[in-house]
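Note that chain A is present in both complexes that follow, paired respectively with chain B and with chain C.
Right, the complex of A and B next:
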């Protein structure tokens, strides 16, 4: 439908005269690959600004705004970021086309935060063959942490399977006799959670899970599934759904007065975009896990780090809906890339960018929860592996317990 | 047995959603003899307008009426600007026009109001209806409004001068023109009414499925299935079709193991195909005879 339409966000027009800066004395040590120069770092990005996943497009906009802010503050080690973002409409063939264009025609140094499991899967081989970093991909699939086979691809957020394992651990520890119902979206997203959860329960999965129900993204309402799950007599619900359906579930369960132990995914914890529309009174006691702060949660209003984020939104994305978790996510991942490029210094080769990305030690973004640190190594390409459990109370999430790491290396 | 009854009740309440949408589909089909693929998106956009008015402090019922007026005008304007010039064009051109409209409205809504889901108020409340938790007062209200709308449409088409003129213009444009009916404007009027009915559908559906730019995607397909099942020429048939599709979908999803859940949407599509092959006029539609 919108073929050929390209939304190009160029964070900064690149008209800085080259001679103005090239007179430095450290010239000898500077090393560049395509996309980097004394004045500029070109970063590619692929986002679904249109199409079925267009809700995530806000992440790309937040990242563009972040680099605009960095440029106004003088850039990264004196170099301006030229952020080139294309719209793939969540379509893998288009993602491949854009990846080629970014690498071969725009000649970017790296592709940052391309969004979606299908699109990233489609471009992964190409990026690795070309040896161009596919850095901090915006998907929670478990497969991005595979430095042995794909040394040019790296994830960012905790992956869905690890998150589900943590829920399994929680259920085993706190409700060992649970009769579990599982509701999941019938696609890679939902199935990753189910897989992780079952692995987490281990041998007990068969006896503890009494009913599994899936729904399609195209269904207008999922009332019928909830009715069926309630009838099963389950006392624990693992709700592996995306935001809209999570809100529908919470509301419907409230109306049916069904109150099992209820765990929802980190994808659907937004106070403004899930819990409020569903009705706070129905959301009491729901459990989930988090690694980022919620932009609409008043408990962070006085948090010095989060204040930076709020100031950023107010100045560079005025009018944006702070409840949109994409704004937090985009800021956090862009800040991580900022850190990596800073560490790379004047050695802006693709190999060094990957090396630096794999050398993050206890890095903390402004938007991560207290205690959640980013660590990577040559064998660990999963930057965020920690979450905190939380419980919904009143109008906000209350964190409880310690930071939990997904210990398993798979 | 309890599960069966519960699923039927839940089916009736989702069926009300489809019935509402099917009414708007029948309305436009009566007026222009095509299905409007952008119907759902127009309804969604109207619902956003209502939401925006309420955000600005307009009381519910005023926002409701204002939205109906705006949607009506919007429907007429779209017909005058976009589809009147295409009236003589081949059907594929029209279909392309509908699809373009679909994509444009969807993207513009996303641009203005972004994609996070929004809560939409209901005037009926959401407590259990007659002691049944499966049908809330909102859903009962929705069924009531749909039926009221149905009666109003019936009376309009049977007893008012404009209603009769619209039917004449759709059934026999040549003769209608000869007796002095402005058929062009009747089509525009049909667009306006379909758009306003769509707005009512959107406003009633939003409290259940939550307001967001993609909220009508699935609903429109089920609405099509309902309208085809009931008969594209019969408002009453389309409403009955809506409830039947809702119940049918739930029962298949519950009782046909392995197949049901994965194939809920294909079931709606299969229903469209089967009805069109076996009984093209649907349950209650009448045969349209065309002289060629």
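Right, the complex of A and C next:
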């Protein structure tokens, strides 16, 4: 009897010890911060679904659909993504409220792709004080690449200033005697471009730029600005405008029969939303730069990567307008986060997420142009820094030249 | 004998609806209950809820300011966001460029906005009703662009805005920044509330209300129309400026995009929902503009605007006089219960 009891105790304690050892080693492998567990990863997001910038809300919807797709395929390393997205209506105070709600109440692991320069500026200090990743912000301002002061904030897309420097390089190389007119939106977006462009021209900026004209986002039409720019006698137009105004400009220039060397921003290259409404005949020869594929461009129909995107839209966002560049953008950024979380493995701490985000090596999303790779490092928080120049011909953009890296300063 | 009886009966008219003295305020019990709730709640909730409550109080101050203007003197304004913006930028610039203590920025913002509002009140004198609403609306639309002007960009930060440092609790008090800011805001809003109630009960307040009810009659009684109308504008703008300054400190950021005319509409909405002319309603109105958009978004993301509209419609339809109506109903119910 006694021996049997002893045996049982020994057996029990062995089991307990074995259990303690295995669970101990499991704990050592798996590390979690708030928002992550064995079954779930909570991701916060802030988007302007309503208000003046509501057109960008489609990005959040595409991201939500992307994670829905991932969940149906089994999640990331077996964990389901819980994507919590709030509407800030492009209002910074509301963005602060939502960021705090996401971090303190919903307890998300990180905030992903909050949209807009003002909203991100408003929450940047808070996110860095709380040491919560503010990952792949959806704005092209140059200031997000500042790991020294803001180690918890990272951008995603090429920044506006670098893009503008590439245009400056192009003008200097191909039309050194250009008389340049600059049209820009009077906000952070337009001014970033102007700054980058002038820096790119360097000393020649003063002599080459003969007229600068700005307009307000709230203006219904900018026709009068175009008339003024034409009258200046410029032979080159740098058009730093958002899609609606880019379309207006192209159309008006066509009507006025003004045909300068015309460069528009990457933000406004959508075939469906800009070039078609403006009229293809007026858009011939316009230059721009790109890093993402255009969902409405037939040249990608047989591209194996883009086919994945098309299948995704058809299944998870049926009826969505493929010409909307927000769908491509949302997919691409969500895929980048997917990659980062995959790399983080079972170590889902905020610090490790940032570390993995800063160790992307030649990552390629399905929607990036061939040759455009995502690279980051501890001192480089600008994931996409490459673009390709392109020219509008017929009914689509034709890429030309090599992939240009914009990180080389000046 | 009989004459005395008659006069006594006249002096105590039974069952006649006498306008209550407290019609601009809240009953004593209710006031204390509300204050205790506001004072104790932060001890039991998370920091971000405290932040929301701080924003609630700040918007309540701004709604109250509009209430003084519209409910008090009968002038419309859709331009309150402009004064809010001036207050916010005053505080932000003083704190970040001038190194001024945040407490001192409030009176500074108040004074500057009072001056701006008072001056704006002069051209507004010639306008009334919807025309005044349009003129102030223009002010609200122009403000974000004015803030972007290159000339003052050095101070305002232009389109990038200014980041404001959040103050710590003073004297080493063991409370978080959020909680400290909340109590600070509570004290400020309480002071403004009491001052506003007293203002409307005072001689000036009566003059304003006389103008609201009938301008010609008021002028005939010797009320100086231009002085009191511009004064109402000034006071309203000044209080809105203080709210804006508090808002800048709480949000820690000012940018032109924070102060679009949507803010002005929101404040106007808050006043209507709270009950025009009833100051305690400002709190209810502020609660509406802070929380209802979140509720609407919770119902549907794509249709949040539509649901917000539906909720607003329900409120206006059920209680056209806003929270005031609800409060009166609650009060009669409470009295009935007490009697039975």
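We take it that the second predicted complex is superposed on the first by the 378 of 410 C-alpha atoms of A that agree within 3 Å, B and C clash if a C-alpha of one lies under 4 Å from a C-alpha of the other, contacts with A are read in each partner's own complex, and residues count from 1 in each chain.
In the analysis below, a residue touches a chain if its C-beta (ideal position, glycine included) is under 8 Å from a C-beta of that chain, and two chains touch if they have at least 3 such contacts.
Note that the coordinates shown come from a computational prediction; the quantities given were computed from them, not determined experimentally.
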Which of chain B and chain C A:233 touches, first, second, both or neither: neither
Partner chain(s) touched by A:121 [first = chain B, second = chain C, both, neither]: second
First, second, both or neither for A:52, with chain B first and chain C second: both
Partner chain in contact with A:187 - chain B first, chain C second, else both or neither: second
Touching partner for A:91 - first (chain B), second (chain C), both, neither: second
Partner chain(s) touched by A:285 [first = chain B, second = chain C, both, neither]: neither
Touched partner set for A:105, first chain B, second chain C, both or neither: second
Contacts of A:216 with chain B and chain C, given as first, second, both or neither: both
Touching both chain B and chain C, residues of chain A: 50, 52, 57, 186, 216, 218
Residues on chain B engaged by chain A in the complex (per definition of touch): 2-3, 6-7, 10-11, 13-14, 17, 99-100, 103, 107, 110, 114-119, 126, 128, 133-134, 136, 205, 208-210, 212-215, 217-219, 221-222, 249-250, 253-254, 261-262, 264-265
Complex interface listing, chain C residues touching chain A: 46-49, 51-52, 55, 141, 145, 148, 158-161, 163, 247, 251-253, 255, 257-258, 260, 262-263, 293, 297, 301-302, 304-305
Chain B contact footprint on chain A (complex, rising order): 1-2, 50, 52, 54-55, 57-58, 186, 213-216, 218-221, 223-225, 227-228, 231, 243-244, 247-248, 255-257, 270, 272-274, 276-277, 279, 320-321, 323-324
Chain C partner contacts - residues on chain A that touch it in the complex: 49-52, 57, 61, 85-87, 89-94, 96-97, 100-101, 103-105, 116-118, 121-122, 124-126, 186-188, 191, 216, 218
